[in-house]
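Note that the chains are named A, B, C and D in the order they appear, and that numbering of residues resets to 1 at the start of each chain.
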Amino acid sequence: MSDFGFHLAFWSLAAMTLGGASMIMISRNLIHAVIWLVMSMLGVAGLYLTLSADFIAVVQVLIYVGAISVLMLFAIMLTPRAERDNSQNMKTGGPAALVVILVMISTLWVAIDTDWGAVREAALTEQARLIGESLIKHYILPFEIGAVLLTAALVGAIALARQDDEDAAVHASSLQAELEGDASVDPVDVVDPPIPSDGEAGS
Amino acid sequence: MTDFAGLTSVLGSTLGAWYDFRDLNNLQRLITEWIADWGPDWLASIIAGVLGTLGILGVIGPTLLILIWVERKVIARFQQRYGPNRVGPKGLLQPVADAVKLILKEQLAPRAADKLIFFLPPVLIFVPGVLIWGVLPFGPRMSVADLNVGVLFLLAVSGTTVLVIFMAGWSSNNKYALFGAMRAVAMSISYEVPMVLALLTLVVFSGTMSINGIVEWQQQEDVIFILLFPLSAIAFFFAASAELNRTPADISEAESEIVAGYHTEYSGMRFGLFYAVELGNTLVVSAFIATFFLGGWWLWGLDQWVPSWIILLAKTGAVYFLLIWTRGTLPRLRVDQLMSFCWKALVPATLLFVVVAFVERTLLISEGWDTTVALPIMAVFNIALTLGAIMLFARVSRPAALRRPARIRMAGTEIGGLRAARQVASRTEEPQFQVGGD
Amino acid sequence: MTSSYDATAAMEIVNASAPGAACVDDGVLFLDPERLVEAVRTLRDAEASDLVFLSNLTAVDHELHFELVYHLQSLDHNHILQVKARVADREDPSLPSLTGVYHGAHLQEREVYDLFGIRFEGHPDLRRMFLWDGFPGYPLRKDFLQMPGQVRAGLPGFPHESEENAWPVPGSVPQRPMHPNDPQPEGELVVAEPDGESEESS
Amino acid sequence: MTMSDDTRLAMQGTIEALTSGDGSEPVVVNLGPQHPSTHGVFRLKVTLDGEIVQDAEMRIGYLHRSMEKLAEERTYTQNIPFTDRIDYLAAMSNNLAYCLAAEELLGVEVPPRANAIRVMFAELQRVASHAMANGTFINDCGAWHTPLFHMFRDRERVLDMFEMTCGARLTTNYMRIGGVAFDLPDELLPTLEQFLADMPENIANYEALLLENEILHARARGIGVISPEMAINSSLSGPVLRATGVPWDLRKANPYCGYEDYEFDVPVGEQGDCFDRFLVRMAEVKESLKILRQVVDTLPDGPWLADVPLHARPDPGESYARVESPRGELGFYLVSDGGPAPYRFHCRPPSLINLTALKEMSIGGTLADAIVTLGSIDIVVGEIDR
């Protein structure tokens, strides 16, 4: 592939990735944010393709777009509505921004500092086989440790998700406190108004 | 015999020429080679991709219209009706009329809908639907992109459909749509697992992740995978029909429960697009079932004489008919039943066959068994194992309510209330009829 | 063949446990509305009557009073008993609910409430059923949509029939004597007269 | 620090959900009044926790035509067409029940041929109505219309017979006080013979398709269960009651129109679930065919309509007549004040009263189960609302 086609693909994919990423920050609606995240991830998958890493690209789509984003949507849908959207009162906004900026600077530093020797060989064709073999043969121990770790995380997540009544009560009272602390308006009564008895209606 | 040999030589001489319709790729190659003569090579590859895409779109568009007609006619046969027979000869133009009607209809959007996300899904859902066609091998060299990770590509692309369905259901701001979307998501991520495992069986056994490679393996070994791994085929068939939202697994658009599920709020051509993609996906899934389990474009040498894509289409048609048949006959499963069937039956069963495939592959490669002898033995063994697994599942997993037979007794002269009911129930004679039970 | 259960026998069963709650008039069992639930429960549970099935529950507007009609059925003995209770108050008629005895009374009592405006005390979910909340009036009452000049809904006679067969005068409807225990209406109930001179009844 | 009203409302909802114990917010879903599975303008408000029904409340009245009031201004004969519209899927049974009540009031003797014709059409109506009920029930279970269309074929033939007899297919207006409106046309009996000859094979086909269908079993067995005690206490009737095992059929318990002369049996179920209701209906169709066979064989000659004056004024009094309609115990309670029109006209609607236990049947099941349960009760909204 000539340079023009490559550059066209690279820059449009990069724009897609970064554009999606910045839209995640801008959108208040969490569901919108997930959709933008998906776009960003698709861009990353495309970038892998330009590097002739089609196995990684396909896996990126399979796992991040097909599975992780759906998982996130599920998590969002399972969250009570009050905590769903990006909060307007961000208490931890400042420190978070600081951490993100630090991480970005260090990543950029690494990226600029590294000597990216371009490989002039043809791309490997049987990547899946090579990755599989190296995972099973050379990196069997880290691979297995990773597997055990994920299983433990799975069990832990289930244990955490099984919220018992006490936790729920604590959670509810904290929410109540937050609601009462918001003194701008009187608490809205969401209990449905009782159905008016209509015994008086008519003659 | 001599005549045949002559014919072979004639056919052989045309091999690769642009007018050799056994491989439509020849035509495209001719064009791209011509462009490569004068233009940059990236233009040639782009033109090649565009030509392939246009070819696919040009084929599936009219095919969909015909398929709607076919499905309605076949279902009508099942239901002792005539089906469409008014517009055009034999009602063939009915789908066209429907499409025109849908295009002319007003496209409504709920006021409370999330507008951007509401408008995107009908368009976005087309993307995976068309992308999947790209890796389908219509012949030995006839696919738009013959990826060496074709199986993974198929799974990855088909997995993104669920995201679009979720967008449609969520943005409609309609409870039916949200229920449909959540059901679709839950079902899709569940049924992805047996689907992957069923394909893993083939990948492990044939040793390739290229879709064309799997077909060529079947051609080489003179066997189709449905004979070797029938349970994987059944699991794949069922998982695919679940992902396609077709009865008996159409819970995400269960008509009698949640109206139309995730596309309840879509009207006009937006609904039409969902409908078309659903049909197109049904067709492509039938094609992939034919490719993976029925040998694809290959049919014991017939592909030398008949264009390979016709063979594939014939097999696809057979699978498609099977899908229509199940749709026309079976009631729908409940959400929880569908989930438990996936996790408690399909996943263990397909996992078992992954192990079986691994063992058999090892026997073939490491022990160097002769495939002509070993494969039939393995096929018989696997078929027996499949039957055993199905029977075991039927026995073990039956809910308690189904183990007791349902009985209808005749009251005879006992007419009355509870006392008569007890007397009727305590009778020892055979009930009028008795169905179900172990 | 379903036989009619003898009203006198039923009266004896009821009066044995709740004296004076039932009386028989012209072969029909009348129950004291105050003790309706107790009486019906006795009829349901007594082995001899065994009236376990509430076949029908409805009301009839007799203009001077409402008559609640219950058809109670015994499935095992295969007999049916018609039970009546009367409410005289037209302004705010009310009666104890039978939902505690027969779950099947649930919707039928709602229907009667909706169309006659008879309240059933103790009904768990007494709301209008067919008509919307706030619908003016109760359609199945005889005075519903009564026009000035006593023009009222109804069929006075067959077409082309002579004047003498006009709509029967209110009050000529067969009126059985009220149960002695029935609450008597306060004041005098004014009944619409056919000559159109007097006031409406409610 | 100001929250939007939406946020506040949502937080309130979250707090309620958390303190209610199960940590999730219930969702209220309206099924109907225009919904593919509600068989008419019937609205069911279900409160769902996930897919589990926590509460089910029905809202009716969308088809209320105030028939009981209208009937008070029409003569006894003029009221017969109203009864067609009460249960439009079993118009014959409604005609019959009303005519029986009016005849009781007027003291009319019905000629034997009229009785036999009445039984014939009541049973044909039962076959048609059960075909509809079972077909839509399987549809509610999620089948793609196939059993429904097959059963519609049988219903269609019955309706053809109605048409050739009285000119109407749905709202037949065929029965009269004292008999039936017309004698049987010549072509009816051969058509009926052919129908009776074909039906056993059709029923065998349905049974082969449906009875051993594992998915249907999984969907309908153990769903919407009600005990016989509860069923009797809730005044349920018809196949819903018989599915619980209570052998109560008015054709046997209180024979009318000479049902005592025909040999038939009353099928009862065992577990009172949706599948038993379906099976009871299937078995009842067979029994109806048995009755039809006997009616055809023993059809007496003679007049088909007693001599009843059109301008009948019954003596003051009241009558309550019940028939076993396809949906259950259908009764008409008439009060006469001696005038030309009924003083009070009341219909005991089996569809409405069978719904009494719907809430109990559906709570705890899934949304899909609630719909199957509703389908198995076999309601007709015209009869619920009247």
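Everything that follows uses one rule, which is that a residue touches a chain if its C-beta (ideal position, glycine included) is under 8 Å from a C-beta of that chain, and two chains touch if they have at least 3 such contacts.
Given the structure is predicted, the values throughout are model-derived calculations rather than measurements.
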Fill in: Innermost chain, taking as reference the mean of every protein Cα atom displayed
D
Discussion item. From the C-alpha centres, identify the chain that is farthest from subunit A.
Written reply: C
Worksheet item: With respect to inter-chain C-beta contacts, which pair, B-C or C-D, contains the greater number?
Response: C-D
Worksheet item: At what distance in angstrom does the C-alpha mean of subunit C lie from that of subunit B?
Response: 64
Worksheet item: How many Å are there between the centre of subunit C and the centre of subunit D, using C-alpha atoms for each centre?
Response: 27
Practice prompt. For subunit A and subunit B, let me know how many angstrom lie between their CA-based centres, rounded off.
Written response: 31
Fill in: Inter-centroid spacing, subunit D versus subunit B (mean Cα positions, whole Å)
41
Worksheet item: Listing for subunit D: what residues touch at least two other chains?
Response: 232, 246, 248, 253
Worksheet, complete the sentence: The positions of subunit C in contact with two or more other chains are 52-53, 75, 78, 128, 144
Worksheet entry | Of subunit B, residues touching subunit C in the complex | 415-420
Item to complete: Could you pull out which subunit C residues touch subunit D in their complex?
Response: 1-2, 52-56, 58, 60-61, 69, 71, 75, 78, 82, 102-108, 111, 115, 128-132, 139-140, 144, 153-155, 157-158, 161, 165, 167-168, 172-174
Item to complete: Within their complex, state which residues of subunit D touch subunit B.
Response: 27, 29, 35-37, 51, 138-146, 149-150, 153, 209, 211-219, 221-222, 228-229, 232, 244-249, 252-253, 265-271, 273, 275-276, 279-280, 283, 366-369, 371, 375
Worksheet item: For subunit B, which residues are in contact with subunit A within the complex?
Response: 40-42, 45-46, 114, 116-117, 147-149, 152-153, 155-157, 159-160, 162-163, 166-167, 170, 182, 185, 188-189, 192, 209
Discussion item. Can you tell me which positions in subunit A touch subunit B when the two form their complex?
Written reply: 1-2, 4-5, 29, 31-32, 35, 38, 54-55, 58-59, 61-62, 65-67, 69-70, 73-74, 77, 125-128
